[in-house]
Amino acid sequence: MTNTQVTLVQIDNYGPWTVTPEPRREADLQTMQSRLFADISQFVGNRGGYTFFTRFDNMIAVTNGCSLEDHALLQESIGNRYPVSLSLGVATGTSPVQALSDATERLQDAGSAQDENRRECLEGRAIADDYRTGDDVQIAHFDVVNATGNYTDELNAFDTFIEIEQGYAELMRHMRYAHGSLSFFVGGDNVIVVCPDLERADYEEATAHVAEAVDVEMQVGVGRGKSAHEAGYDAKHALETCRADGTRVELEWETA
Amino acid sequence: MTNTQVTLVQIDNYGPWTVTPEPRREADLQTMQSRLFADISQFVGNRGGYTFFTRFDNMIAVTNGCSLEDHALLQESIGNRYPVSLSLGVATGTSPVQALSDATERLQDAGSAQDENRRECLEGRAIADDYRTGDDVQIAHFDVVNATGNYTDELNAFDTFIEIEQGYAELMRHMRYAHGSLSFFVGGDNVIVVCPDLERADYEEATAHVAEAVDVEMQVGVGRGKSAHEAGYDAKHALETCRADGTRVELEWETA
Amino acid sequence: MTNTQVTLVQIDNYGPWTVTPEPRREADLQTMQSRLFADISQFVGNRGGYTFFTRFDNMIAVTNGCSLEDHALLQESIGNRYPVSLSLGVATGTSPVQALSDATERLQDAGSAQDENRRECLEGRAIADDYRTGDDVQIAHFDVVNATGNYTDELNAFDTFIEIEQGYAELMRHMRYAHGSLSFFVGGDNVIVVCPDLERADYEEATAHVAEAVDVEMQVGVGRGKSAHEAGYDAKHALETCRADGTRVELEWETA
Amino acid sequence: MTNTQVTLVQIDNYGPWTVTPEPRREADLQTMQSRLFADISQFVGNRGGYTFFTRFDNMIAVTNGCSLEDHALLQESIGNRYPVSLSLGVATGTSPVQALSDATERLQDAGSAQDENRRECLEGRAIADDYRTGDDVQIAHFDVVNATGNYTDELNAFDTFIEIEQGYAELMRHMRYAHGSLSFFVGGDNVIVVCPDLERADYEEATAHVAEAVDVEMQVGVGRGKSAHEAGYDAKHALETCRADGTRVELEWETA
């Protein structure tokens, strides 16, 4: 049984800040956002977690292994180094979607994302170390079959991007509504999906669905672990098996 | 008439590097990619351009105001500070899509994105200073009407993301195939679109199309300028007018 | 009794890299070095340690609270994101100077700093958690009395810098040879000193020595803790007392 | 005749900020300072200038090639991305020390470094493009002869640092008072010196002085150029000649 710990990271009152007193230079906003994400990714990643940039002003992280004290330290450190501050909602559960809903609700209860009086909230609970197990996190790492040969080296860069984006958009909706999973584009042609306890047949169904719906062929490696890093690292190895053997679905715990 | 200068920024042989000799830690890849993007965004942004992260291993920039010497310096500076190197294709034209196609073709002609012998290519031409005009770039800045009230403060963070992503996916395809434009999600609920010489009716058609197709209400401010920054800055101001007045399309040159 | 854990961080074969095949742009080297330091400072700082930039190619850190696994993770993460790699020597002891000597020797035994075959060494031992105590680290935080009023707002910026640098150079040598301590300039007019078990009289002697030798008036706050952060944070509070009360030496454990 | 353009970069009201409302975590301050420096170094470096971290809260840059508009853009960009803001004083002259004095005075006239009402000042003048010449900047790049063999691989890392620091401290004072030059430690065993129109005999005298005063052997390459980068790049090449040929002073314009 999975027990995913999910953190919603929300920049406090960000929209208004970007246009006060005048709209700020777009290149500066892009730089600031992506460095903020990078710093959070390092902090969480050094403790075994994964952070996804999502909308940048709202990031989603899998934080099994991070205590509430760790979350508070992250908040303090960002507050010391950036012109914006973070609110964090943390929740856990067998369903990643449900955990994220709970985490979101905790922040929404504390105030609007554009409430200037809601600052640096930290709400929720983390899994105590004694309760963590090697099945807590299930990660699926998808990519597009032969994306470089079929797209990058053939189409113009934007049409390639449309193809990959279309595959992602379909996969994200399908994994959300059919399988209770959270899918994130992570660059190139890669999508990382945070899953509940899914099985081989679920992944076969998902890749078949995307191929039929938008004609994008995907392959997927899946791993389990105590943390996102452990699960995701196994998923990467499983995906390497797909690439080497030409298979479409590999579950690390079946092949290992 | 627009004359957009587009640069395709491609990390050399990146896919293979990420799994050699073993898959690298995902958090490190995410950190490295987003900081690389941030640095390019600063460099280009300091010269009036816009950079979009796109797929991270393939980024697209509007570089009116950057000479080929500037491009070479960017390449050198990144090569000195990162474990990866960049190839750059540059092209210009009245159609942003055609300019990007030309830029892409120049890199494809130089070798595959995964050819380990193709390193730090710089191909193409920039617009000479004497030929630059105040109409060269047209930028449209879209966002979702009342995204915070309708989505962020109501749905869980992933379902909000799905809504915004769906609006983006539809807009991106429509603007590409109906209007020859390049659309990029830039965080929050914002999409920046690099356009040829479009008119009010085109933008009204586009927002109506997205509303009908996926039920996401968008508003848009549009600007023109000698550089992406100038055009984009005007677009931001026009979008502020939408927000203040409740209108759906504002062209800065009509209201100014 | 202090038990300081010291890590020597050495960039592998850095000198030759900076001029191969041609000298690299100085601004790029400066940027790369200072960001590398910043990343190490965050990683170590998030675990309660302090990192000092020292010579940049050789950095010194107080790492009580960082295991060898943490050190290995830092090494891996930097290796994934920078064009250079790190070797790390770790040692502990009641004397910070002796601990650093041991840490240095471990790296020297593994090979020259400019041996191209010595890469990513990790040598030494960390203090096991059970053996850590609240007296392990003693940190003294010095600054120059009224530096802004006496120097920054009066002299040109370089002559101010010379005054502060002169105070630092004298303090560093004196604390090293008279008190077995490691002193690091950390910006502004601040010097942080990693000390063995010193007492009030030692600090009074040190500030008197510097005042007499180079005519720079300094004040100092001192703290103790299980980690550099804890000791250093107490030292900062003690220094605030100096600033408020006009005293020259404050030991947090006497005033608390 | 040299005509050095010098910029004093001062963080506004920084000291008070670091302890308000409580002292901030030292690791965060170190990270923030060094990244701020890195960003300024990139911005100025991309336009041919050099930036020196100096005291971090007061940095000194050689900015030939940067207009006042560039300075204003740097100020705006940093203000958009950091929790602190910058004031900038700019001045030019045949003597680097005099130029820095003038730049400092302009900021001092605008208010104290700790005046909370003095924010984002930009004072002074830049050299108009038409007046720039290939002799405007003279840069000398010093390092310690065989520092790795004599120190790094032999002494503990702190004692090596003391030796190099002592060489630097002596050189900095001597070059300031005997030769009107500004010397900056830039990492490793390297010192970069911004000079007026000095000659071979001056550099021979300086290295001899340091060797006699503190027993540290240094060598130096010197270059001239329109910008710090051009002069500094020539200086690096000249220093490579010292290393290859065992000479102590090389002036690029004599050997080229």
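Letters A, B, C and D name the chains as they come in the text, with residue numbers starting at 1 for each one.
We take it that contacts are C-beta pairs under 8 Å (C-beta built on N, C-alpha and C of every residue); 3 or more make two chains touch, one makes a residue touch a chain.
Quick caveat: nothing in here was measured; it's all calculated off a predicted structure.
S.K.: Could you tell me which chains are in contact with chain C and with chain D alike?
M.R.: The shared contacts of chain C and chain D, listed by label, come to A, B.
S.K.: Since chain A and chain D are copies that touch, just let me know if over half of their interface numbering is common to both, same, or not, different.
M.R.: same
S.K.: Specify the chain most distant from chain D by Cα centroid.
M.R.: Greatest centre separation from chain D goes to chain A.
S.K.: Could you let me know which interface, A-C or A-B, is made of more C-beta pairs in contact?
M.R.: Most contacts of the two pairs: A-B.
S.K.: How many angstrom lie between the CA centroids of chain A and chain C, rounded to a whole number?
M.R.: 37
S.K.: Centre to centre, by mean C-alpha position, how many angstrom separate chain A and chain D?
M.R.: 43
S.K.: Just give me the whole-number Å value for how far the CA centre of chain A lies from that of chain B.
M.R.: Spacing between the chain centres: roughly 22 Å.
S.K.: Name the residues of chain D that each touch 2 or more other chains.
M.R.: Residues 25, 27-29, 31, 35, 42, 45-46, 77 of chain D each touch two or more of the other chains.
S.K.: So how do the chains connect up here, line, ring, star, complete, or something else (other)?
M.R.: Chain contacts: complete, every pair touches.
S.K.: Note which residues of chain D are touching chain B in the complex, please.
M.R.: Against chain B, chain D makes touches at 39, 42-43, 45-46, 73, 77.
S.K.: For chain A, which residues count as touching chain D in their complex?
M.R.: Residues of chain A touching chain D: 24-25, 27-29, 31-32, 35, 76-77, 80-83.
S.K.: Flag every residue of chain C that touches chain D in the complex, lowest number first.
M.R.: 8, 10, 14-15, 18-19, 23, 25-31, 33-35, 37-38, 41-42, 44-46, 49-51, 53-58, 60, 97, 100-101, 103-105, 108, 112-114, 148, 152-162, 164-166, 169, 172-173, 176, 182, 186-189, 192, 229, 232-233, 236-237, 240
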